[in-house]
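Note that chain A is present in both complexes that follow, paired respectively with chain B and with chain C.
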Partner chain A sequence: MSQETIWERLQRIDRRVIYWLLFILLIIPFIRPLGLPVSIGPQTISLLEGLRKLKEGDVVVVNISSGVSAWPECLPSLVAVSKVLIQQKAKIIYWTSFVDGHMTFEKIVEKVPGFKGLKYGVDYVHLGFYTGAEPTVAQLATNIRAIFTTDYKGTPIDQLPIMRGVNSAKDVKMVISSDTGDYGDYYIRQWRIPYGVPFAEIGIAMIFSSYQPYWPEIIFGMTGGAKGGAELEKLIGEPGDATVTMDAINTSHLLVIVAVILANIGYAATRRRR
Partner chain B sequence: MAEVVRREAVYALTAIIVVIMMVDFFFTIPAISAIAGELRTWATIISTMALTLGAVNIIRVHSRNVRRRAPGVWYHSAWLIFIFAFVLLLGFTDINNPSSNPVYKWIFDNAYVSLGQTWYAITGFYIASAAYRAFRARNIDAALLLIAGIFVMLMNAPIGEVIWVQIPRIGRWFNDVGQVPAMRTFLIVAAFGLLAFGFRTLLGRERGFYGEVAGG
Partner chain C sequence: MGYPTTIDGILGIWTALALMLFVYSYPLYKENQLFRFAEHFFIGLSLAIAAIIAIQTTIRLAITPLMAGKFYYIIPILLGFMMYFILHRDYRWISRYPIAILVGSSIGLGMRGTIIPNILSQIISTITPPKAGADALSWFNFVYIGIGTILAVMYFLLTFEHKGPLLYPTRLGRWIIMIGLGAYYGNTVLFRMAMLSGRAQFLLQVLGLVPF
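Up next is the complex of A and B:
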């Protein structure tokens, strides 16, 4: 039996070695942060520009369709967007299609100092959880009260000052959706196209490319994953969780690229010999 | 005979609902809009019931595992039922705002959040290993995919710009010029497909949802 050459070995590195290398490379930035500069994409710039156009008292819906498992990717953008909405003095209505969405809402409130100066039910509200995917999103566009009769604490929405005169997409100035799946499409089809409500997307990195064809005509701005969050944090001048995450993204991406290149060098060398 | 009548009634009902929803989308007719709104509310209620059905089904499946003492499984099932009942009872202490209960909130914060994020993070390790194994420049197409992938990855990580200042620009080119037109084409074609599906459903020729092979 012939002995394995170095080129063959390069193609067969044990997966546990890759796991350990990745683990070590993820630890390094915690010990010694790299703090490399983040370049900002045009989609993030247009997102902030769109948010800055909001006027005092404009009603904005923030749809949370990402669970707690997606916090590292979506929460930084949700936090940064909420900060800007508060700066613009917009009225913010949160709702969620995820059972754990209330936790995301509470985390946003915890992480955005600006909420301390605002009054729940007057300046912002969380209406809670809805099921039913696209039909529900369509119904929310025509009659919010058909889906939500109370907020997530059980207060009837007619007793909430923020909901006075707000009952359909026509009363909302902007929708922002945080997604790990299809909800961005539902809001495009049921809110943006029929009612012309400006729509922005906060997605995990994986779905960024799915929504990119809609930018900038249909989606006025978007962020993808932690990188998008870091870009928005940089734009508003408030570095947060996503900026910290960037170091881990640097080291992990570099490992994957180096491993793929090494495997391909090995593959090319052995193929030539064959 | 009864089966045929029942089946045809389902097709007719589907066609009627399709017409109502399409008319409501394209025209403003108050009577139709009211019916469409009612139908959408029904859809929401039915999907909420589906959640309950899912919960009942979980209990049924795991109760059976416990009853039969399924080897290697039953104690996990028993634990699931116990946690299910425990969290449900905690939730009922304040049905409108369960997270006001400190124990409920503690479970969510310290078990659900941590486990959810761990599960999600672990996929990163699998992706690293899978990328290493799968990305081989076996032909010119695979080589192009590999090169584009590397540039897009380096575009998404700030270190790309540190390695070479032009990397984000090249990555963005692959993304904006290479990917976006292809995705737009795909979306438009899929939309036409969806339209065709809608018309076939309307005409009763799309019968897959009733467990039948679609008609010609």
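Up next is the complex of A and C:
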């Protein structure tokens, strides 16, 4: 029986070993942050520049099309964006296409100290859940009240001071969408193009490259995943969850890179032998 | 937010942690009863929440206006009801009508804003140079995306055989496509790692090793 070489063994590492190593490497930076540098991309800079152009009282819609499972990716950007919107004294309308979207909204309110000085229903509101994908997004652009008759607590929409005079895309100064899927495209097609409403995207890392071609012509700014969140946190000078998460992601990527290199060396070495 | 102090809060985070560990027992150990319990529990709970939300939404958006005298709301309710015929082999054809209306309206709406963002603006974004004072990387990206787009499109030039003057550009185009797909896959991995890091952070938070 021929003895297995180290190269052959490298190609047959038990996946559980990799998973355990990965889990350990993800945990370490949370206990002892490494403080690795974060470079800032131009898309994030233009996102902040766009937000800074808002004036007091401007109505901004924040669409939450990302679930609780995407918090590590989208929540830091949503939190940072909300902080800037409050600084600009904008009126913020949140709504969601995810059944657990209200949890994201409540988490944002919990994480942004600025909300404590604001009044719900006057300065910000969460209108709740909507379904129906692109047709609903198109309907929201023409008649918000056709989709939302109450906010997520059940208060009639007409009793909310923030909603006075706000009923279509024409009354909204900006849309920001947090996505794990296609909702960004829906808002581009139904809000940005027909009504010219400035649009920004908070995407997971996976869809960042898909939205890249839209920037800067269609999307005025965007962040991609936890990295984008860390960039935005750095730009506004308030390091948060994404800054810590990036350390963990960097260490885990190091493991992936080492695993890929080792596997390829092993493959090349054994192929030469054959 | 600090560590939960209420009974339901504490019970909630420890239940969540236990279920999370049950799920991770599959990749970190092997398939087992605890993993299956967590899997079935999760699917059942998700479906229950989705069903409740769907019923609430139907009542809010269709039943309430109907009761208020807007009788034309009977049309979407009937169309929605017709969808359920998909479950019966003999009457499946009935479900095709609401599906056709749904697909047709979605395509129509989708077409409305497709040309400008998906073709014209993407061309403009591709050929727009970086702002004055941009760093070398931005310029590299600009040149790479510009040339890369042309070469990648050339790869799909199937009217002519890829030889002679087309040999090297199309071969380079194929490499560009592979690099693009690799970057897309890399971003997918980045997303999964970020989700996992969220769970790692949650584990430490519940154990009291890092603040909530």
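FYI, the second predicted complex is superposed on the first by the 273 of 274 C-alpha atoms of A that agree within 3 Å, B and C clash if a C-alpha of one lies under 4 Å from a C-alpha of the other, contacts with A are read in each partner's own complex, and residues count from 1 in each chain.
To be clear about the criterion, a residue touches a chain if its C-beta (ideal position, glycine included) is under 8 Å from a C-beta of that chain, and two chains touch if they have at least 3 such contacts.
Nothing here was measured: the structure is a model prediction, and the numbers come from that model.
Enquirer: Which partner does A:227 contact after superposing on A: first (chain B), second (chain C), both, neither?
Expert: both
Enquirer: Report for A:147: first if it touches chain B alone, second if chain C alone, otherwise both or neither.
Expert: In the superposed model, A:147 contacts both chain B and chain C.
Enquirer: Using the superposition on chain A described above, determine whether A:209 touches chain B (first), chain C (second), both, or neither.
Expert: Both partners.
Enquirer: Let me test your reading of the model: by the given contact rule, A:19 touches which partner, first (chain B), second (chain C), both or neither?
Expert: After superposing on A, A:19 lies in contact with both chain B and chain C.
Enquirer: For A:260, using the defined touch cut-off, is the partner it touches chain B, chain C, both, or neither? Pick first, second, both or neither.
Expert: first
Enquirer: Look at A:70 in the shared chain and tell me whether it touches chain B only, chain C only, both, or neither; answer first, second, both or neither.
Expert: both
Enquirer: For A:91, decide between first (touching chain B), second (touching chain C), both and neither.
Expert: neither
Enquirer: Mind working out whether A:126 is in touch with chain B, chain C, both or neither, as first, second, both or neither?
Expert: In the superposition, A:126 contacts neither chain B nor chain C.
Enquirer: In the superposed arrangement, which partner chain does A:249 touch: chain B (first), chain C (second), both, or neither?
Expert: Both: A:249 reaches chain B and chain C.
Enquirer: Can you list the residues of chain A that meet both chain B and chain C?
Expert: Residues 15, 19, 22-23, 69-72, 100, 130-131, 133, 135, 138, 147, 150, 194, 205, 209-210, 213, 225, 227, 249, 252-253, 256 of chain A touch both chain B and chain C.
Enquirer: Inside the complex, what are the residues of chain A that reach chain B?
Expert: Touching chain B: residues 13, 15, 18-19, 22-23, 34, 36-39, 41, 67-72, 100, 102-103, 106, 130-133, 135-136, 138-139, 142-143, 146-147, 150, 152-154, 194, 205, 209-210, 212-213, 225, 227, 246, 249-250, 252-257, 259-261, 263-264, 267-268 of chain A.
Enquirer: Spell out the part of chain A that touches chain C in their complex, as residue ranges.
Expert: 15-16, 19-20, 22-23, 26-27, 30-31, 42, 69-73, 99-100, 110-111, 129-131, 133-135, 138, 147, 149-150, 188-190, 192-194, 204-210, 213-218, 224-227, 241, 244-245, 248-249, 252-253, 256
Enquirer: Which residues of chain C touch chain A once you look at their complex with the stated criterion?
Expert: Residues of chain C touching chain A: 1, 24, 27-29, 49-50, 53-54, 57, 60-61, 64, 105-106, 109-110, 112-114, 116-117, 121-122, 124-126, 128, 130, 134, 138, 180, 183-184, 187-191, 193-198, 200-201, 203-204, 209-210.
Enquirer: Per the contact definition, I'd like the list of chain B residues that touch chain A in the complex.
Expert: 25, 33, 37, 39-41, 43-44, 46-48, 50-51, 95-97, 99, 108-109, 112-113, 116-117, 119-121, 124-125, 127-129, 131-133, 135-138, 146, 150, 153-154, 156-159, 161-162, 168, 172, 175-176, 179-180, 183-184, 187
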